[in-house]
Amino acid sequence: MEGVGPVFAEIKGLNEECGVFAIWDHPEAAQMTYYGLHSLQHRGQEGAGIVVSNQETLRAHKGVGLVNDVFTPASLKTLSGRAAIGHVRYATAGGGGYANVQPLLFNAEAGGLSLAHNGNLTNAKEWRQKLEAEGAIFQSSSDTEVIAHLMKRSGKENVADQLKSALARLTGAFAVVVMTESALIIARDGHGLRPLALGRLGDAYVVASETCALDIVGATFVRDVAPGELIVVRDEGMQSESVLVDEDPAMCSMEYVYFARPDSNIDTINVHTARKNLGKQLALEAPVEADIVTGVPDSSISAAIGYAEQTGIPYELGLIKNRYVGRTFIQPSQALREQGVKMKLSPVRGVVEGKRVVMIDDSIVRGTTSCRIVRMLREAGAKEVHVRIAAPPIKHPCFYGIDISTSTELIAAQYTIPEMCAWMEADSLAFLSVEGLKSGIGRSQEMPDCGQCLACFTGEYPTNINKRQVSQMSV
Amino acid sequence: MEGVGPVFAEIKGLNEECGVFAIWDHPEAAQMTYYGLHSLQHRGQEGAGIVVSNQETLRAHKGVGLVNDVFTPASLKTLSGRAAIGHVRYATAGGGGYANVQPLLFNAEAGGLSLAHNGNLTNAKEWRQKLEAEGAIFQSSSDTEVIAHLMKRSGKENVADQLKSALARLTGAFAVVVMTESALIIARDGHGLRPLALGRLGDAYVVASETCALDIVGATFVRDVAPGELIVVRDEGMQSESVLVDEDPAMCSMEYVYFARPDSNIDTINVHTARKNLGKQLALEAPVEADIVTGVPDSSISAAIGYAEQTGIPYELGLIKNRYVGRTFIQPSQALREQGVKMKLSPVRGVVEGKRVVMIDDSIVRGTTSCRIVRMLREAGAKEVHVRIAAPPIKHPCFYGIDISTSTELIAAQYTIPEMCAWMEADSLAFLSVEGLKSGIGRSQEMPDCGQCLACFTGEYPTNINKRQVSQMSV
Amino acid sequence: MEGVGPVFAEIKGLNEECGVFAIWDHPEAAQMTYYGLHSLQHRGQEGAGIVVSNQETLRAHKGVGLVNDVFTPASLKTLSGRAAIGHVRYATAGGGGYANVQPLLFNAEAGGLSLAHNGNLTNAKEWRQKLEAEGAIFQSSSDTEVIAHLMKRSGKENVADQLKSALARLTGAFAVVVMTESALIIARDGHGLRPLALGRLGDAYVVASETCALDIVGATFVRDVAPGELIVVRDEGMQSESVLVDEDPAMCSMEYVYFARPDSNIDTINVHTARKNLGKQLALEAPVEADIVTGVPDSSISAAIGYAEQTGIPYELGLIKNRYVGRTFIQPSQALREQGVKMKLSPVRGVVEGKRVVMIDDSIVRGTTSCRIVRMLREAGAKEVHVRIAAPPIKHPCFYGIDISTSTELIAAQYTIPEMCAWMEADSLAFLSVEGLKSGIGRSQEMPDCGQCLACFTGEYPTNINKRQVSQMSV
Amino acid sequence: MEGVGPVFAEIKGLNEECGVFAIWDHPEAAQMTYYGLHSLQHRGQEGAGIVVSNQETLRAHKGVGLVNDVFTPASLKTLSGRAAIGHVRYATAGGGGYANVQPLLFNAEAGGLSLAHNGNLTNAKEWRQKLEAEGAIFQSSSDTEVIAHLMKRSGKENVADQLKSALARLTGAFAVVVMTESALIIARDGHGLRPLALGRLGDAYVVASETCALDIVGATFVRDVAPGELIVVRDEGMQSESVLVDEDPAMCSMEYVYFARPDSNIDTINVHTARKNLGKQLALEAPVEADIVTGVPDSSISAAIGYAEQTGIPYELGLIKNRYVGRTFIQPSQALREQGVKMKLSPVRGVVEGKRVVMIDDSIVRGTTSCRIVRMLREAGAKEVHVRIAAPPIKHPCFYGIDISTSTELIAAQYTIPEMCAWMEADSLAFLSVEGLKSGIGRSQEMPDCGQCLACFTGEYPTNINKRQVSQMSV
């Protein structure tokens, strides 16, 4: 997406993505989960948590903030045990606070239950109302707690059966890990909208939202968890079952375009390579005469390099990001900003002055950041600014993880491309085609029957979206 | 230099660089200094400080740590006044601690004196011994305090004369800013070893070690402070004088190669562009058949892109840096590292597996990091690893800012290139030539008579280095 | 009780007491609750929380630690609204952690519910097991959550009816405050085991565990909430009902002896005055020839002054407490303690040396602290040490708030008074009689029919204690 | 003094007292100093520091704040060595900040020098001006640094001789400890205005401002350092010398009245006992018919108990202090205070209502706190309030440690006793006589020729006060 979006440093405000990690049978389960969550930090920065099992009880440590802020050597030391699940959370407005930090942990007399979940359930609200009417008490506002209540009321003895029963009643996107004292259960929705990879680390099983988390702990990638698959890991070993199978595979395209870390592979396709190919494809579809190509750091760098490689126009460092901007950074007042005090992103005058610049961004949501960058480049002396977006226009809301309440926030749903170009005062503006996106990512080549979700570009949703939701959100 | 060296995120252990900033006549002097220091953070991360003048008294706030850790909105608010100087410090072993954080501030009955200094004085120790024998009391172990004592004992009334008198007795590299209630004085050593740029922000004068600090506050670059120049800024305006003129200009080459931020210009040459040119030059001098080019993030990315552009070999993301590694990061034990837990830098298996890789690094000091990266790339499946260094071999200690106590630490001073190549188990290893470095940076083209310091490559030092020092350091 | 027990600085490890505060219709409801909790800090130091109602939603801020640590000006500012309830918690072993910090807050689609509770429910565990078997999910291990689940499953519409229904199923001690967006409900168990006072502050209603919390906010004391009373406060005013009336009043004696703040009144008897009278009574029952009287600070000072006043033996400062001992205090190692490094309590050599000392303590639980103090006084030169305890021997476990799992921990349940005296190496040891306790506190004089709980001294419990519990706890 | 003055919890704003501690030849020197400073915390709460010697170098850790805030287990661990000096500092307005936290440490090539000082030098300012004119650079604004400069410029080789030379030029009050790598030197001014006690702890020598610091570390009191004595402790043992002998002993009376901890002995007189005797003496001089006696906690409790014991009027807890008030306490707004929100001190309505109250305070400086307490007691229902002050009226500024810039701040210097009584709306007001003070403390009885400083009561100063100072301060 446009703007100051970093590959894996911070996430834009519209994202409801999360990251999950789980490990079974490792002497340093909590610490490995810590490193895993660390590498998934880009998927959620509002809260982090780890639940560990020592086979007798489950124990949690969680908190609001970054992984590094939430965990200390002392808190990790309290988490002894050979199995753990972890979560990094991006909280939507109003849904923040400690109560919603995952994994959720429920300690009952009969034993513990812990859950962590990435995705968005499209019928969670209905179930919540129904359960509350029956006397159920919810502590959090997260969808994940609905899964727990449905499990507890399933009437099933076995935790895997409880989870199956619960998931059968839910629609939407999920990659979920559930842990009790004696088992780890992993499940993915029938479309496989959210990624989930399985690895081994010696005897241990490792599961993570992205392969970069397997890499950081030194685990070997085994395979992606299949859409609709439910895996039960116990000390005796691993059992897999296809439980939610009657749906077409539909991996979220935005994972490739923007969300995932460039060093992760999703369905064996490297994300950096996919982005570079999107940049090359964009160069073929929308070439322009220019002196330099530059990308918006960090998430658009790969596409920019691809664009440069394809066109032969040199890639240059026309925009730079200030890494030190963080929680404790003292924000300049509006007055100081207007006087020119720069924030996260600066143009590099020495590079762009007098030049015709192609500015590559990964996507456009509201368009305000792109607009600001174009102005910034011009103020730094760029002679022309040609904006090239390495994805098609986003015109439809996402119900599987992106937090846009109405289409009115999506600039591409409201304006034509020439209108947008005029508004952001660019010399030209072009987007990648949907076909270009598909061939750039290259899923079809690698996996003939493996589709991808293009709903935010095309409006064709892979699950049954409640009609009321669509109409509400589209107003 | 080799390894995990970031352009502007962290500085390797050998560096004694610092950054200075000063502003005169701005209503938000302290806050502007805060932003300036922020953008100079890469030059020193052990301590930061600001001294502000409200025309009646000088007031300091300083602390150990990053700019963001040292300053809070509350502490900035205490620093009211229209003039300020600031400093970020890299402390050498043994010289750390609060007492050495700059700017130094001395409040006497007759008025205040504050100093901040980037560089290394080669005869400071002799002066210190002499002054102590005369009853002087030193509070810090920093060279900068020697300047203050020499000023106070100069017998001069005027602070500019005091500084001239002090600097005349000192040798080495310095870019120094001095502030009293009524004046700001700026001076640079006769060779101009350390950079210092002058700008304007409305009526205000701004001075900074690098132009990126001018950019961040929205100041306009005016010119670099000249080698040997002393500038006095008062409310009446600015006066310049050439006080240390009998020396040849000799800007530190390592500023271009590794130290400075890529978006800074030094003597009007953009650092990113210089690095990219070093990469292109390296490609001409040391080509190799390979599938991909990759750079060690962050400081070698520019050179890697240049190498790729020149050779046509695609630039890929073969190594990735974990941004979240910070002070509060829980380090893996040696045992976990050996089991494969990655730290700051990870290879990207999806990119390098089965490939012939050209790995570009900016320089090599001890060689251990390069060695580790080669191994990492092989473990991730690289078929061949060709190491290309975008600078000549570093064979001699630096007396102007680099903290290497003996040449024995410099691998290139001890071994031949084939020996180094064998030791790091690379398929090939090549360095840029000294001539290539000069033409890549391109100072001679832009500024016919403007030399650069190549001492760490050639052993030819631009100032009179005490013979004893050289022999000691070279043992 | 014996030892370093402070009146209101810290609570000994055996205590399960808590403090509650509520305010209705005050513009600064949260801030007033903050001050109220502050003055109740002695009743619980493990956690603190406030829930505020702005008539539309309930909002919580809670945390582990002292009131001062949990709340900041910023966190208080987020708690806007005209009604609030608050809680300070003392967590028993295993029951700690954020999840158990009160008030509990449950936000359902139909509205919020918040509860805070002081006391101990004797049949909570049975209810919890029953509810979990029915699919209820508990987030905390606190008894208070059982009340919430019973309310939600009561089938009643009205929150006051829900609470009545829930309390009717529960036995034990409680002083509970419940808040929704539209009402504040206050209830006390039928014996009135735990104190609860009602006050007015202008138009606002204020409720607190102790009158000191009314005083600190400037509220006027109205009356104590009656045993078995349930009060509903709405914007229309206050309604009272006697709902749990078939039980004899039985205020906990230990509130007077040790728990409450000396400046609080319980049933209109000032606690300091009660303690002083206990000391006088003790002097009549167990006089001794001695040079000085000293008390164990802080909780025994009042009794010691009473003893001195009655006997004419001067009261002196023979023991002093180090106020600065706190969370960040660096504990001396065992080796340093053995070499004489003192901790919380020090004897005053200049006062006790060569003297016959009467040492007054408020009560004895395990006896180890008394033993240590006797030794300390001897080492400081006391010629004789006569221990006098301003309460009868504690021989029976408490089910209403004191956390002693078995009688074996109670020294007075295992040994005779002469045996205890010998063990602690005192020159003499005497306890107050049960009759002396009653007449010292003076409830009978003030309130002819108003009883008090003496169970820990006599074994006669005021509620139906599960036989199994008693036999388990007495083993 | 009047008001909320705690014995050892906090110090009123007028106090310039400090506390020093030193230990020589103990394996845990820094940690013992930490405990010692802890017990001296009441003498200064603005800053704390420890310098330790490992015989080769001196190493400091200091900071702004309480001892507990400044030191962590980690920071203590860095302070290894067998000798240490420490300091707690009360900073006067404008003289705060890290630079002034003691001990001062000066590391020169020839060796280190560290100093800590309690007291006030009456000619420090003159010396400072003289030294600065000679080129000396001062880092702090503390008098102590003047001692260091005079030492360095003394021309003496030996550190003890340097100190003798420096002290000979200085007038005023001091108890000073100086440490180098090889010696600890202790000195006290010729009048002995500030206390300093010497003890042994096994082989180690221990020195502290008060004996409570010897007690806390388990050291045995040996003797007070004599007025004018200079002691040098080296590994070979201890040497004493009388260096400043031509002056009359004059211990500060306010140490007994208010400053010192009640468990300390000064010149073998216990402070609590002295205060109790002042209360008894006051009862003899100014009896009154009343129902209860109460003291302002904490510093007036001893005197109040003495007054009660002498008169037979019962001592009651009429005022209570909120211990939890601390740095992080959220202060009520003025509006809330006016509505009755109480701060540090609360009246106990249950005790004072309807009673004739004798309120004992230790001293009166500005009178505002006494005035507030009288009003508070009346509002809580006291029928009469009789104020009795356990010291004579303070009419003259102190030059030896109390920070009152002019006599105009001293209410007793401006008004008669009846005027003060009317102003504070008390029913009666009486002070102790100077003779009563002397006999109450009892120095004359114990030590026939051992005088005490009464200057703040009588205006007769024991050292030659610069005439200009007196006239300036008295305006």
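Order of writing sets the labels: A, B, C and D. Residues in every chain begin at 1.
Assume a residue touches a chain if its C-beta (ideal position, glycine included) is under 8 Å from a C-beta of that chain, and two chains touch if they have at least 3 such contacts.
Note that the structure is predicted; figures quoted are calculated from it, not measured.
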{"item": "Per Cα centroids, the chain farthest from subunit D", "value": "A"}
{"item": "Subunit A and subunit B: spacing of chain centres that average the CA atoms, whole Å", "value": "37"}
{"item": "Mean-CA-position distance for subunit C and subunit B (Å)", "value": "61"}
{"item": "Cα-centroid distance, subunit B relative to subunit D, in whole angstrom", "value": "49"}
{"item": "Shared interface positions of subunit D, touching two or more other chains", "value": "none"}
{"item": "Chain-to-chain touches, reported pairwise for every pair that qualifies", "value": "A-B, A-C, B-D, C-D"}
{"item": "Subunit C residues touching subunit A - in the complex, by the definition given at the top", "value": "98, 106-110, 128-129, 132, 135-139, 141, 148-149, 152-153"}
{"item": "Residue numbers on subunit D that touch subunit C, as the complex places them", "value": "6, 8-9, 28, 31-32, 34-35, 38-39, 41, 66-69, 71-73, 76, 201-202, 211-212, 215-219, 261-263, 265, 268-270, 272-273, 276, 302, 305, 308-309, 314-317, 320, 322-324, 326, 328-330, 332, 336, 339-342, 346, 348-351"}
